[in-house]
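Look at the two complexes coming up: chain A is in both, with chain B in one and chain C in the other.
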Partner chain A sequence: MLVSLRKYLALLCGLLLAAPAVVDAEASVHGEYEVKAAFLYNFAKFIDWPPLDDAQFTVCVFGRDPFGRALDPIEGKTVGGKTVAVRRLERAAAMDLKTCRILFIATSEEAQVAHILELSRGSPMLTVGDTDGFARQGVMINFYLEQEKVRFEINPRAAAEVGIRPSAKLLQLGRIVDTAKN
Partner chain B sequence: MLKNISFQRKLLLINLTVAGTALLLAVAALLVDQYRSLRKTVVEDIHLQAQIIGANTTAALAFDDEKVGNEILAALQASINVEYAAVFDSDGRLFAAYQGAGRPPARLTLETRDHVHVVGTDFAEITEPIVLGGETLGHLVIRSNLEQFWQGMKRQLWTGAAVLAAVFTLVLLLLPSMQSAIATPLVELAQLMRQVSASRDYSVRAVPAAYDEIGQLAQGFNDMLEQIHQRDNQLEQHRQGLEQLVDQRTTQLQQMATHDALTGLPNRVLATDRLAHAIAEAERNGTLVALLFLDLDRFKEINDTLGHGAGDELLRELAVRLGDCLRKGDTVARFGGDEFVLVMGGLARVIDVEPVVLRLLEVIAAPVIVGGQELHVSASIGIALYPQDGGNEEILLRNADTAMYRAKELGRDNHQYYTDELNVRLVERTTLLGELRRALEQGQFRLHYQPQADMAAGRVVAMEALLRWEHPRLGLTAPGYFIKLAEESGLIVPIGTWVLREACRQLRAWHDAGLPRIRVAVNVAARQLADGDIEAEVAKALSEYDLAGEYLELELTETDVMDNPDQAAATFSRLHALGVSTAIDDFGMGYSSLSYLKRFSFDRLKIDQSFVRHLVDNPEDAAITRTVIAIGHSLGMAVIAEGVETAAAMSYLWRHGCREMQGYLISRPLPPRDAEELLRIGLPASKRLGAQENESNVLLVVDDEPNFVKAVQRALKHEGYSVLGATTMAEAFEQLALREAHVLLCDQRMPEMMGTDFLAQVRDMYPQTVRVMLTAYPEPDIIADAINRGAVYKFLTKPLDDAVLRREVADAFAHYRRVYESGR
Partner chain C sequence: MRAAISMIGARCRLAAQLSGGLMAIFSSLACADQSDALTELSMEELLGVQVYAASRFQQKTTEAPAAVTIITAADIRDFGYRTLADVLRSVRGIHLSYDRNYTYLGVRGFGRTGDYNGRVLLLVDGHRLNDPIYDTAAIGTEFPLDLDIVERVEVVRGPGSSVYGSNAFFGIVNVITRRGRDVAGVELAASVASFGTDQERLTWGGQGENGAEWLLSATRYRSAGQDHFYPEFGATANDLDRDHYDSLFGKLGLGPWTLTAAWTDRSKKIPTAAWDTVFNDPNHETNDASAYVDLAYSGPVRGGWELAGRVFYGHYSFDGDYPYIYSPGDPVTVNKDRVRASWWGGEVKLMRRYQQHTLVLGAEYQDNAQQDQANFDAAPYALYLDDRRTSTRGGVYLQDEMALASGWLLNAGLRYDDYSAVGSTLNPRLGLIWNPQPATTFKLLYGTAFRAPNAYELYYAVDPQKANPDVKPEKIRSYELVAEHSIAPDFRVGLSIYHNHIDDLVEQVVDPDDGLLVFRNSGAAEATGVEVEAERMWNGGRRLRASYAWQHAVDAVSDERLVNSPRHLLKFNYSAPLFASGWRGGTELLYTDDRATLAGGTAAGYWLANMTVVHERLVKNLIVSMSAYNLFNADYAFPGGPEHIHESGAALDQIPADGRSYRFKLQYRF
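Then we have the complex of A and B:
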C-alpha cells in the first residue's frame, strides 16, 4: 500500500513538472469577454426555463458588441436540445427582442436600459449586462470584475418577474441584488 | 487412530468436526460477504459523496468561482474519513481542494479523466467527472480512508466469533443426547452381536427401537440371526447325519479290523484284546485263563491238492465246529492260515481245560465233506495258562504257540501244555538259529568223511560227506545238535547246497591227487527237494568240479521221500539222467510202501544203524535187517549197512548177503586230511572179509560156569568138532554172529535170562541150529513149554559124564545133518 502510494506520488510529481506550461499558455488566451461569453452560455444551464417553443436558443447582444469573435465558440452549442444562435441587435424593437432568450445589454445602451427591460417584459428571457448599476435597474445578471476575475450580480426578483428561475447554485455564486429592498 | 475409539465418540467427533467446519465456513463466508458489502457500501458512500460534491461544484466550476468551490469542498469536514478532495477544471487545472486535518495533502494534478475507483487496504479514491448538461466541466477526486470500514469489519469478526462459540457450545451440549438416539440402539445391537457370538445362541432377537435405518438394521440383524439359526439347525442335522454315517462306517471298519473275513471269527487283534480282558478278569477273581493255540495238521496238503476253495470251506466248517465247543463268554479266533486261537476265561482248575481240548480234537477229527470229498483232518494244540505260563497276553500267545509247536513235533494230532522247558528250548532255538546263519556266512561248517567199504573187495568205494560245525564256543559239533532247526528254518537249503559243492570240490581234489576214484555220498533234506532246485545245484556242482555223475550219490531219508513221494520220484528220475545215483537212507524207519520203493528206482538201500546196532542180540532187528537185505536184492538195489561197529554184526551182515558196510568198525568219520590218508593206504587187511569156508561140526557151549565149558571142550577134544564157548548171553550172540554154529549146548540157568528163552531167540535168528538144553533141576513145565515152542531139541540133565556127552553131541550133529543139510 505504501508502495502504491509512493508510486502515486512519483507519478504525481512527474505530472506536476510537465503540465504547468501548457496550463499557463491556455489561461493567457482567455480574455475577459471570452470568459463572459462562456458565462453567458453557462447561465442558460443554471436557469429553470419555462416550456419554450423556439426553434433555436437565441443569444442576443444589444448595443455595441464588446465580444467580437468571443461569442463564436458558443454558437452551435446546445441548451435543452436546442442549438445556440447568436444575434446582434441594433435597435430596440419589441419584435426582435421576443426571440431572445439571453439578452446581453451592452454598456452603450446604459441610457435606455429601462426601456429595453420594458420591451422584454412578458417573455422568458435572461437579461445580462456588464455595466455597474445595471442590476439595480432590473437587469437580472450583471458582470463585474473583482481582482481581475469576472464575477456577477443576480437580481432574482427580476428573473422571477419574467417566469424564469435561476438555480440555487447560481444564486450561491452571484452577488444577490434585491431591487425591492432598495 | 480413529479406528479404535468407540462408535459414540467417533460419532461425536465427526459431528463436531462437521458442525465446526460448517460453522467456521459459514462465519467465514458471512465475514467475506460482510467485507464485500461493507466495502461496497463504503465505496458507494464515497461515490455518492463525490457525486453530490461534484454536482454542487458544477456551478462554481462553470463560473470559475474557486472560493465557492473551496467552500463546497470544505463541507467534507463533516466526513471524518475523507482525507482530501480536489476539483480539477476541464483543462485539468486544480480548481479547488480540501484537506482533512492531519491528512496527507490533496493531489495537485488530475491523473485520469475517467470515472475511476481506486480502493486500497486503508483508502478508497474516487475520480468523478463533473458534468453539466452533457458537458464535462472538470473532475472531482476524493480520497477517503477505510478506518470506519475496518472498525465495522472488526465488529463483524467479533460477532461472528461469538456466534461461532455460542453455536459450537450449543452443539456440544446438545449432540450427545441427540446422538444417543442413534448410538444407543447401535451399541445395544453390537452388544447383542457379541453376546450371540459368545454364546452361539442364535435364538435371541434384537428389539427394534424405531422404524428408521437403525430399526431396519436391527430387523436385518434379526433376519440374519434367523437365517443363521436355521442354517445352524440344518448344519447340526447334517452333522448328526454325518456322525451317524461315520459311526456306521467305523463299526464296519472295526468289524473288518477285528474280524476275519473268511470265517467271521474275531481276528488276532480282537482275540488279543479279549485275552487281555480275560486276564484282567482272572486277576480280579483269582481264576485261570486257558489260551489254546490250534494249528491244523497238513492243511497245506489239502490246499495244494484240493485247491484253496476247498481249504477255505474246510476252515469255515471247522470255525463253526470250534465255536460249538466253547462255553459262553469264550472266544474262538482265527489268526490266519490254519491257525485258530481259543481263549477260555474264568476256569477254576487246570484240569477243566482237558475235556474241552479233547472235545476240540474230537470235532476236528470228525470227517468233513468238502467238494464231495470226505476229509479227515487233525490238529495240534498248544495250551498256555494264565497266570502260571505268562503274565500278559503276549507271553501267553508266544508260549501257547511254543506248546503247539511241541505238539507238532510230537507227531501231530495231540495237545501239549506249555512248560518252562519249552521256553528254554525256544530261546535256545532262537540263539542257535542266529548262530547257524552266522556259521554259514562265516564258513564255520566242515565236512568229515566216513568210508563206505565193499567188504568183499576189502576197499573203500565211497565216502559219505557228514556235516560238522566248527562252533566258535562249543568246538566241532555234530549235526544232531542243529540239523533239525536248520530244516525247520529252511537254512538247510543253503547249507545243503554248500555241502554238495564242498563234497564235489573235495572229491575233485582227491581225484586230482591220483587217489582211488571213489564216490561221494551227500545227504539231501526234504526241504531241498521242496524248496530248492536240487537238480540245478547238482548239475552246477558237477560241471564246476568236472565230475561225472557216477561219482555222486545223493542220500535221502525214507521219511523225507515219503513226505512228497511224487515230487521225489520226479526229481530222482531227473537226477538219474545226470548219472547221479541215489540211496535211501535210514531205511526201515519210515512207512514206505514197497511199490513206491520200486517206483523211485533207488540205486542203493541203506539199513538204518538202529537195526544194525542190535542185530546180534535182538531177533526182531535181525529179522528186519535180513528182510531189508532181501528186499533190496530182490528189487535190484545194492544194500549197505551203516553203524557197523562189531565184528559180530559185520559177520552176520556178511553172512546174510550184505556186502557194503559203513561204521566205526571200518572207520569213524574222518576229517578230509585223514580221509585222504585212508584212501591213499587203503583198508587194513583185517577188515577184509573173504569167502568164509563153511566149517562143519561147530558146537557152541553156553554156561556161566567157565569150568564146565572147559570140561566140555576137553571131553570133545578129539571128536572132530570145533567147540566154541560163551559164559554170557552177549558172548554167545557174538559167537553166533561171527561164526555159523550148528549145535548149541546151553545151561538153563544163566544170570541174564533163562536158557529156554535164549534158545527161543536163537531159533528165531538162526533157525538152522540144533539146540540142546542142560539143566540140573529138570522142571516139567519149562521143558514142556520149550519143546512146544520148538526152541529145544533135547534136554540133558547135569551132571553129564563124558561118554553121555559125546553120544548126545554126535546125535545132535546127526540130527542137524538129517534136517538142514539134506536140502542143500
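Then we have the complex of A and C:
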C-alpha cells in the first residue's frame, strides 16, 4: 500500500512537471478569457461606430477583473486606425466611463448593472458582460459558454439606444435578446 | 476551422524548433504569442475554439449565503466519474459508505448508518428527488440520471431549510442537466468495466427553429459485481453482487417552460445477508423504481418580478425480497417488503430587485396521495403489515438580500412549514457577507434546519420494530465562518469553520417496556470542524482542486465520537493535458480517516486513488476514455448499518469495498 502510494506520487510528480512543457503544444485549447479577449477585439471591428474624436480606442474593465493578462494581446492593436488601450476602472463614475468605447462589466458588479448602464448612456459605448441575465438587463453583448465554447447574446435594442450599430454578421452569430420590460 | 487552429500550433512548434539550441524557456517565450494569434482569428473561428471554463470561479458562488462547490461536466469526464456518489466523494467535507446495496453520504462528520441520505436534499434541475417514505437521496446506481447528461453538480453546505424546507439539513445537492442545444445531435456511448459491467447510452438533443429545445436519453447498465469473502459467515457470497438498472430521461423546453420526465428501475442482489436473512441465498434482492414528471416555468412577470414555479408528480416503488429460515430445518421463506408512494405538488417563487434589496417570496405544497407500506411472506402467505397513509405538507418563505454599506451584504430568510402528520416548524437563516476588497469575501452564517420524520420512521411496524406516530421533526442549529480569497482570477483559496448542533435526532432505540425497536427523538449530536480548499486553473487547461477537512463529531449525550465519522479527509484532484498527444489525464487521491463502527470496531483509514485518461479528437466526434479505480487495490471497508448486526451475533459491521477495477468507454456523436 505504502509502496504503491509512493509510486503514485512519483507518477503524479511526473505529470506535474510534464504538463507545463506541453501547455503550448495543446494549441486547440485556450483559456476562457483569452478567447473572450479576442472576441472583444473582433466586436470592435464589427461595430459601425459614429465618428469618434478619441486619441485611442479604450477598452475598459469594471469590477473584479477576470481577464488577468489575457487582454495584453489586444493592447496596441488598431481599430479604425486607433490604438487599443486597456483600462481597469476603479469606480463607476460618469467621468471615468466617458472615454470607454468598450466597457466590460464583471460579474462582481451584478447588483449595480442598471446603475452602470445609466451612467454609460451618454456616449457611444459597447457594453459587454459574461453573467447570466445581463443582456436582458440591457448589456449589449453577453458571453456564455456552450459545450466549452464561448458564445454570445446580443441585445440590438440596447445598442441602438446609444447610437451604435452592430454589423449584420454580429447579429447573425449571436443569439438575439431583447431588454426585459419592468 | 480546425485547420486554422492547428496552424497556430504549427507556427508555435516551428518557433520552438528554431530556438532549439536555446533553453526551453525561449521556446515557451516564442509560444507566448500563441494567444496573440487568437486575435487574428475570425469570429466564426473563435466560436469554435474550445476553452476550459472558469465558471467554477464565478462571483455568484461567493455571494451565496453558504460555502458552495461546483463540479462540472469537464470534471465528470476528466475523472471518469460513474455515479453521483463518485462526484460527491471528491467534494470537501463529504465521505461515503457503500453497503453493497445503497451508497450513503456523510457530511461534515455526520454519517448516520441506516439512514438513506434523508438529511441531504437532492434536486435535479430544482425538482426534489427525496421520496416521502424513506426520504432517500439516491446517489448510487439508483440515481435516475446517467452522469453523461449532467452539466454540473452544485453542492451547497449548511442548513437550507429557510428556503428548501425538509431534508435540507446538512446541505443541498442540485444536479443540473445538459441543454438540448448543447447536445445538438445524437450521442451513443458504451463502456465495459471490470466485474462484468457494461453500460450503454443513447441521447438525442437539439433546438428547433422556433426555439423549442429537447433532450431525450436512455441508459442501460448491467454489472455482475465482485464476490467477497465474509469472515463473519466464513464464506464467500457467490454471484450476489449483481446490479442492474435502466433509465430514461426527457426534457422539452419552450420559452419559459420546461417539461421534464424521468424514470429509473434498479435491482440489486444483496450479498451481505442484511436484516438477519440467510447468507448466500440468491433470493435476497431489492428493487427501487422511481419516476416523475415536472412542468416548470421561469420568466419575468409584471412589475419587475421574476417568477419561477413548477407543478410535479412523483412515484416511487420499492420491493425487497428477504430469505428467512424461521426455525431450524424449515425451508427458506421469502419475506417481502413492498412500498408504493405517489405524490403531486407545486411551488412558486417570486423574486425582484428593489433598490438595495433582492426579495424572494415563495410557497410550496405537496400532497402525498399514497404512502403505503406492506410486509408479507410470499408462500405460505402471511401478512404482517398493510399500512396505508396519505399526508400533506406546505411551506411559505421569505428571503431578503440587502446591500448594506459598500461591500456588505445581509441575507435574511425565514420559512414556515406545516406537516399534516407531524406539525409545524419555523426556520431562519442569517448571512452577513463582507467583501473588504473585490478578491476577498467573508461570510458569517447562522441557520436552523429540520427534517420531518418519514413514513418509515412513523409507521413501519413488523416485529421486532413498532410504529411511533409521535416522532417530531429533528432540528439542527448551525454556525459557520467562511473566508474566500482569489489570489488570481483562476486561483482561489477558501476556509470554513463550523459548529453544528443537532437536537431531537430521530434514532432507533429499544423500548425497555416491550423490548421492541422504535424511532424516537432521543438523540443529540455536535460537530465542529475546519475545512480548507484551494482551486487553481492554468492557461492550457491544467486544473487542480485540493481540500482538507478536520471534523470532530460527538454524541451530545454520551460525548463519544459518532459512528462512521472520520476525523480527517484529504482530497486532491488534478487534471492536465498529457504531452502533445491530445490525451488528457485526470487523477484523484482521496484519504478517509478511521471510522468507528456500530459493533465498537474500527474501519481503518484508507487512501483511494483513481486515474482516467481521455481523448476527444482521436477520431472526429469520438471520445475515448480509460479509467482505473482504486489504483492501489487498497483493501478497505465501510462501516455497516444496524441491519448488518445479526441476532445470531454475526456483526457485519464492516462491508468490504471494491478492489481495483478498470473501465473503457467510447462515445460517438452523430
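FYI, the second predicted complex is superposed on the first by the 152 of 182 C-alpha atoms of A that agree within 3 Å, B and C clash if a C-alpha of one lies under 4 Å from a C-alpha of the other, contacts with A are read in each partner's own complex, and residues count from 1 in each chain.
Here, contacts are C-beta pairs under 8 Å (C-beta built on N, C-alpha and C of every residue); 3 or more make two chains touch, one makes a residue touch a chain.
Not measured: the values here are computed from a predicted model.
Ranking chain B and chain C by residues of chain A touched puts C first. In the superposition on chain A, A:E148 contacts chain C only, with no contact to chain B.
Shared-chain residue A:V79: touches chain B; no touch with chain C.
When both complexes are overlaid on chain A, the residue A:K169 reaches chain B and chain C alike.
Of the two partner chains, chain C is the only one that A:A106 touches; chain B does not reach it. Shared contact residues of chain A, touching chain B in one structure and chain C in the other: 1, 4-5, 8, 12, 15-16, 19, 23, 26-27, 35, 39, 42, 46, 149-151, 169-170, 173. For chain B in complex with chain A, the residues that touch the partner chain are 56, 58-60, 62-65, 68, 91-93, 107-109, 111, 120-123, 132-133.
Every residue of chain A that touches chain C in the complex is listed here, in rising order: 1, 4-5, 8, 12, 15-16, 18-35, 37-39, 41-42, 46, 63-68, 70, 73-74, 77, 106-108, 110-111, 131, 145-151, 169-170, 173, 180-182.
The touching residues of chain A, when paired with chain B in their complex, are 1, 4-5, 8, 11-12, 15-16, 19, 23, 26-27, 35, 39, 42, 45-46, 79, 149-152, 167, 169-170, 172-173. By the touch criterion given at the top, residues 2, 5-6, 8-9, 12-13, 16, 24, 27-28, 31, 33-36, 38-39, 41-44, 46-55, 57-60, 74, 179, 181-182, 184, 300, 303-304, 353, 358, 403, 438-439, 486, 488-490, 537-542, 574, 576-580, 582, 585, 587, 589, 607, 609, 617, 631-634 of chain C touch chain A in their complex.
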